[in-house]
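Working notes for the structure below.
Residue numbering begins at 1 within each chain, and the chains themselves are lettered A, B, C and D in the order written.
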Amino acid sequence: MIRFNCDYSEGAHPQVLEKLVQTNLEQAPGYGQDVFCRQAADLIKSRCQAPQAEVYFLCGGTQTNLTVIAAMLRPYQCVISADTGHINVHETGAIEATGHRILSVPSHNGKITAQQIHQVCQAHWQDDNPEFAPQPRLVYLSLPTEFGTMYSKKELQEIRQACDKNKLFLFIDGARLGYGLAAQGNDITLPDLAAYCDAFYIGGTKLGALLGEAVVMSNEKIQKDFRYFIKQKGAMLAKGRVLGIQFLALLENDLYFQLGAHANKQALKIRKAFEKAGFPAMYDSPTNQQFFALPNALVKQLEETYAFAHIQPLEHNQTLIRICTSWATREEDVTQLIEDIKRLTE
Amino acid sequence: MIRFNCDYSEGAHPQVLEKLVQTNLEQAPGYGQDVFCRQAADLIKSRCQAPQAEVYFLCGGTQTNLTVIAAMLRPYQCVISADTGHINVHETGAIEATGHRILSVPSHNGKITAQQIHQVCQAHWQDDNPEFAPQPRLVYLSLPTEFGTMYSKKELQEIRQACDKNKLFLFIDGARLGYGLAAQGNDITLPDLAAYCDAFYIGGTKLGALLGEAVVMSNEKIQKDFRYFIKQKGAMLAKGRVLGIQFLALLENDLYFQLGAHANKQALKIRKAFEKAGFPAMYDSPTNQQFFALPNALVKQLEETYAFAHIQPLEHNQTLIRICTSWATREEDVTQLIEDIKRLTE
Amino acid sequence: MIRFNCDYSEGAHPQVLEKLVQTNLEQAPGYGQDVFCRQAADLIKSRCQAPQAEVYFLCGGTQTNLTVIAAMLRPYQCVISADTGHINVHETGAIEATGHRILSVPSHNGKITAQQIHQVCQAHWQDDNPEFAPQPRLVYLSLPTEFGTMYSKKELQEIRQACDKNKLFLFIDGARLGYGLAAQGNDITLPDLAAYCDAFYIGGTKLGALLGEAVVMSNEKIQKDFRYFIKQKGAMLAKGRVLGIQFLALLENDLYFQLGAHANKQALKIRKAFEKAGFPAMYDSPTNQQFFALPNALVKQLEETYAFAHIQPLEHNQTLIRICTSWATREEDVTQLIEDIKRLTE
Amino acid sequence: MIRFNCDYSEGAHPQVLEKLVQTNLEQAPGYGQDVFCRQAADLIKSRCQAPQAEVYFLCGGTQTNLTVIAAMLRPYQCVISADTGHINVHETGAIEATGHRILSVPSHNGKITAQQIHQVCQAHWQDDNPEFAPQPRLVYLSLPTEFGTMYSKKELQEIRQACDKNKLFLFIDGARLGYGLAAQGNDITLPDLAAYCDAFYIGGTKLGALLGEAVVMSNEKIQKDFRYFIKQKGAMLAKGRVLGIQFLALLENDLYFQLGAHANKQALKIRKAFEKAGFPAMYDSPTNQQFFALPNALVKQLEETYAFAHIQPLEHNQTLIRICTSWATREEDVTQLIEDIKRLTE
């Protein structure tokens, strides 16, 4: 079975593992206050051109989302998210479990617009009794989105403006950020993210690390006391070094972005094959996730050799499936898949 | 200014107040363990033909909703509600503040169907990883709904069946229950509610009491320890008698239902006047709330004399407004409004 | 049975009830935005000489405590309280249910000191990893305390200084405030409380109202958005007028303080009788609650005629009991009790 | 600097790291549903002689404590803990943040007794209004305790009986379990723990893993839906394999217990040296943590070469310090420390 079902089927990229081995017996203080975390944080701040930022290392996406959002909101405030946003559909109510409502807005291509954000806020503040509904205070975006799509720099700037106008924080879930930043046509950079967001994170788990998400917090007000949140939510590793070391390995030589580019390239080759065969991609994704509506018969045939995700049954005996590549995807496996697509659809 | 804007503009119905005065100096234990609460509870259980039920008196709707729902759910479970449900739109995230997600489903006429409930549960349990989304465990309905509409007994039975099939509790918000049960065409009774619901409440605040909601809890499993919830949520009055006495006054001689019938009758007269003038009611409500889409010019003219709620601006220079009657609505005020509608729309 | 077991055995003081009757049919907006609440708030602000304060009316003590404390703390912050404080012993974990730890310190006579507060904060901030424990941010006091005792103005000033030094808010639970302010030897005034506290409340439930606590919030930062908290916690009455009207009745002619003085006077007469009989008061309370260690045999004899609270069994066949007077305590009942104490202990 | 300050100064034991390297490129499903986790779980169940148990792998101690405790309690229930228990002193209110009060009882040698547990429950249930305080439902112990001390099997049996009598769950925090089970004089085994506890965990982070705690849940009622809790609290790793692989390495050849025995042996040599020098251990610990009250002058001298934890300043110019050994502690470092103790105290 050749797996295209997710980007976390293997362990870590070998260079990441190697650095864990090399540093293993060096003694270091616990709880993220070690030299590896400090070096990794400095490297990230430098790449982001954000000397005032603080960088925190957490374990996974849901944990990072719930911890950062809890730090940004008062109990009566809510977070605006695309209806398809990860926090809204795939985190077992983790945000609500911290007491906060998610105000979901309809998405297009996995994205929401500055105008939608502005309208939601206007509706809140123009109500005779705004205190009868949670107060919007934060926008949550994913980059790339859950469908692999990207915001443009212009869209991001407009969203930032909508946030400023409506006194909202902006937080970007970058669980797959490396795929996005390395995507063809992308015009957003790390310094852009540090400038436009109050916080965002660089996802390691889904791009070469065993685990780990690096939160870049530009907004100094939220930095204050953020370590209390990390500890309270059970997100502070005694051996915090494990996270710092991995991000050092990923970022020292831009390995992180090379791996992203590799995965994107493979994904686009597969997309091209499906499109040639008459199955256009369902979302305009330049990244490692590609979605197709395929006849169930074809799905069955492909599944004899390949693993991929069933997203949803569709009408007319079709299924929405997702193909996902990663740093570990082998060229020969992609070539074989492309040939099989061709063969099975001729 | 003649007020049709809500059903809580005055104090209590005079008979309610009188009973508070009469009993004022009798000494009684605190925290709802007095003879008045006991008598009122017994009366309600008898009317509901539900000897196994327990009755609890709380202060208001949001408080009752959040307390009962917290008692019915484990932390990872969610409550299914119409998108227009009160808990979903008008309670400042009170349910989420107890840690629970609301799973909203599209409503028609303020109502949801057994089929929708079943589909939502099926989708949850058929997912490969159901634990990635909150688990449906409870259905919340309002009776009448936020638009004044009523479920039929048949619809309620079907919803109960969907709940049984999917291991869901059923909880009905009866903040305006008296208007509903007294409505023309209604075929639901108190014993029906006690039989079909795990819990429901009889709203006093919006129907003649100063404050107070009587929760009828049929399900014995939830009864256990429910007083801990009441106390923890700050919902246990030291002078619990205040609630018991009022429900005694409202229910002893069916005053509660007479008041509901009076308000409904006035509301339907107004509806008829608007419909004659070419403005059909927006929802098929047989109760004290009536909604109309009126030209803004007419709204302005009416507002010189009458207060009513602006729900939402509409296209074509119209506004969705709500007319609300109550036990305190005077016939002469209704007559005057009807005449003004006629005069202003000829 | 003559009841000395609590101060909420009856309904409301007749003048309070009368005002509810008089105003009953006047129409008013809901949710505390009526003219009665406004007048009561203005009256309270004037008595407190605190024009910048806001006044909010809530229903009961636990509800008020949990709502105000939630508004004052971030999720990782805790509240300092006497170990005997009401929030620490008698509220079913209501504070913890909003996510916050109570940092309890040993009390003497029901009170804590400025020095204790300072030490607790020093210990927190001198720890190598302060973020491993909740951050102290608020001091909760009761006035009078749970044992009826009073802080002096000097003690209160010192506590305020300890709060300033350690960046703490100060919040006083005044569920029985009227008894305290009317007590012999008390040198604290309403303007003092408004000046020294970020928030405090004037308890109505236990001093003549059916229900109701008036929160005086001096600190403007916490005022902002406080109505969201009230609504979210289920503490906002649709007929908010019910609370405003009662406080108007209680405060217009200083009825509140006269009732407090009456209850204190009766309590001190009873205390004197017990002390003459060889049973000194266990706490130095000048207010309506008095505690005595009595032989179980005497307890039994007294209970043939009188109801009072058993606080705790003691060694040597004794029981700690509480006698509680109120605005409704009748002089003849007190006289009879005093005679019975004398008779039974000769 | 030679570090005796904690047991998480290095990375993982080399065999653990080696297994991560060996398995790195094998593809596996995510979220703990991989073959490594299954094998590790089966191995643990077999060692525990508990076929009905379920085993879950989480990241760290605070996370495990808050997740398991949340799964065991209803919102109004509380957990009984030693006042010195980790959840009570060093987790930033993580338990309270899930809504639950910790009912702390005084500890002796870091331990609490069956009798204390029983008394606390009796006091609750004998109260006239038990619902005014959180309901005890769970006992939390640490094994070894925060002071390195051990419960005997007899003490554990008595505590289990007290739990049964009072309808309490029993949960043991085994963050350092391997040191405890390998301790001289210990008579508790893994099967004992599985039999007496509803849940306990085998700590990896502090005993040779990069991170990881293996929860053994014997009680089938709590197993149900526990994965929802893991996901909601952000504790479910996408690459769950990382945890399973490490526990396989630790447990396959009893490496875990050999490492524990090594650390204990070193710790006891150091203890003996201090005791010979006139500084008896403050707690009767047979495990890797040893506590001493040392003159500040001696502390200063030792700190020129060694790192250790300052627990607390004491009277008479002394400091309570902790020496902590681990799997990584080198014999030559211990020998050197012992010689320095001798030299400096002669």
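FYI, contacts are C-beta pairs under 8 Å (C-beta built on N, C-alpha and C of every residue); 3 or more make two chains touch, one makes a residue touch a chain.
As the structure is a prediction and not an experimental result, all values here were calculated from the model.
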{"item": "Smallest number of contact steps required from chain B to reach chain D", "value": "1"}
{"item": "Pair with more cross-chain C-beta pairs in contact, given A-C and C-D", "value": "C-D"}
{"item": "Chain B and chain C, separation of their C-alpha mean positions in angstrom", "value": "34"}
{"item": "Distance between chain centroids, defined by C-alpha means - chain A, chain B (Å)", "value": "42"}
{"item": "Approximate Å spacing (C-alpha centroids) for the pair chain A, chain C", "value": "50"}
{"item": "Whole-Å gap between the CA centroids of chain C and chain D", "value": "42"}
{"item": "Two or more partner chains touched - positions in chain C", "value": "75-76, 91-93, 97-99, 131-132, 134, 228, 231-232"}
{"item": "Residues on chain D engaged by chain C in the complex (per definition of touch)", "value": "75-76, 78, 89-93, 96-101, 128, 131-134, 310"}
{"item": "Touch list for chain C against partner chain A, complex", "value": "31, 70, 74-76, 98-99, 129, 131-132, 134-135, 225, 227-232"}
{"item": "Residue ranges of chain D touching chain A (in the complex, touch as defined)", "value": "3, 6, 8-12, 14, 17, 20-21, 23-30, 59-67, 91-94, 97, 205-206, 210-211, 228, 231-239, 241-242, 328"}
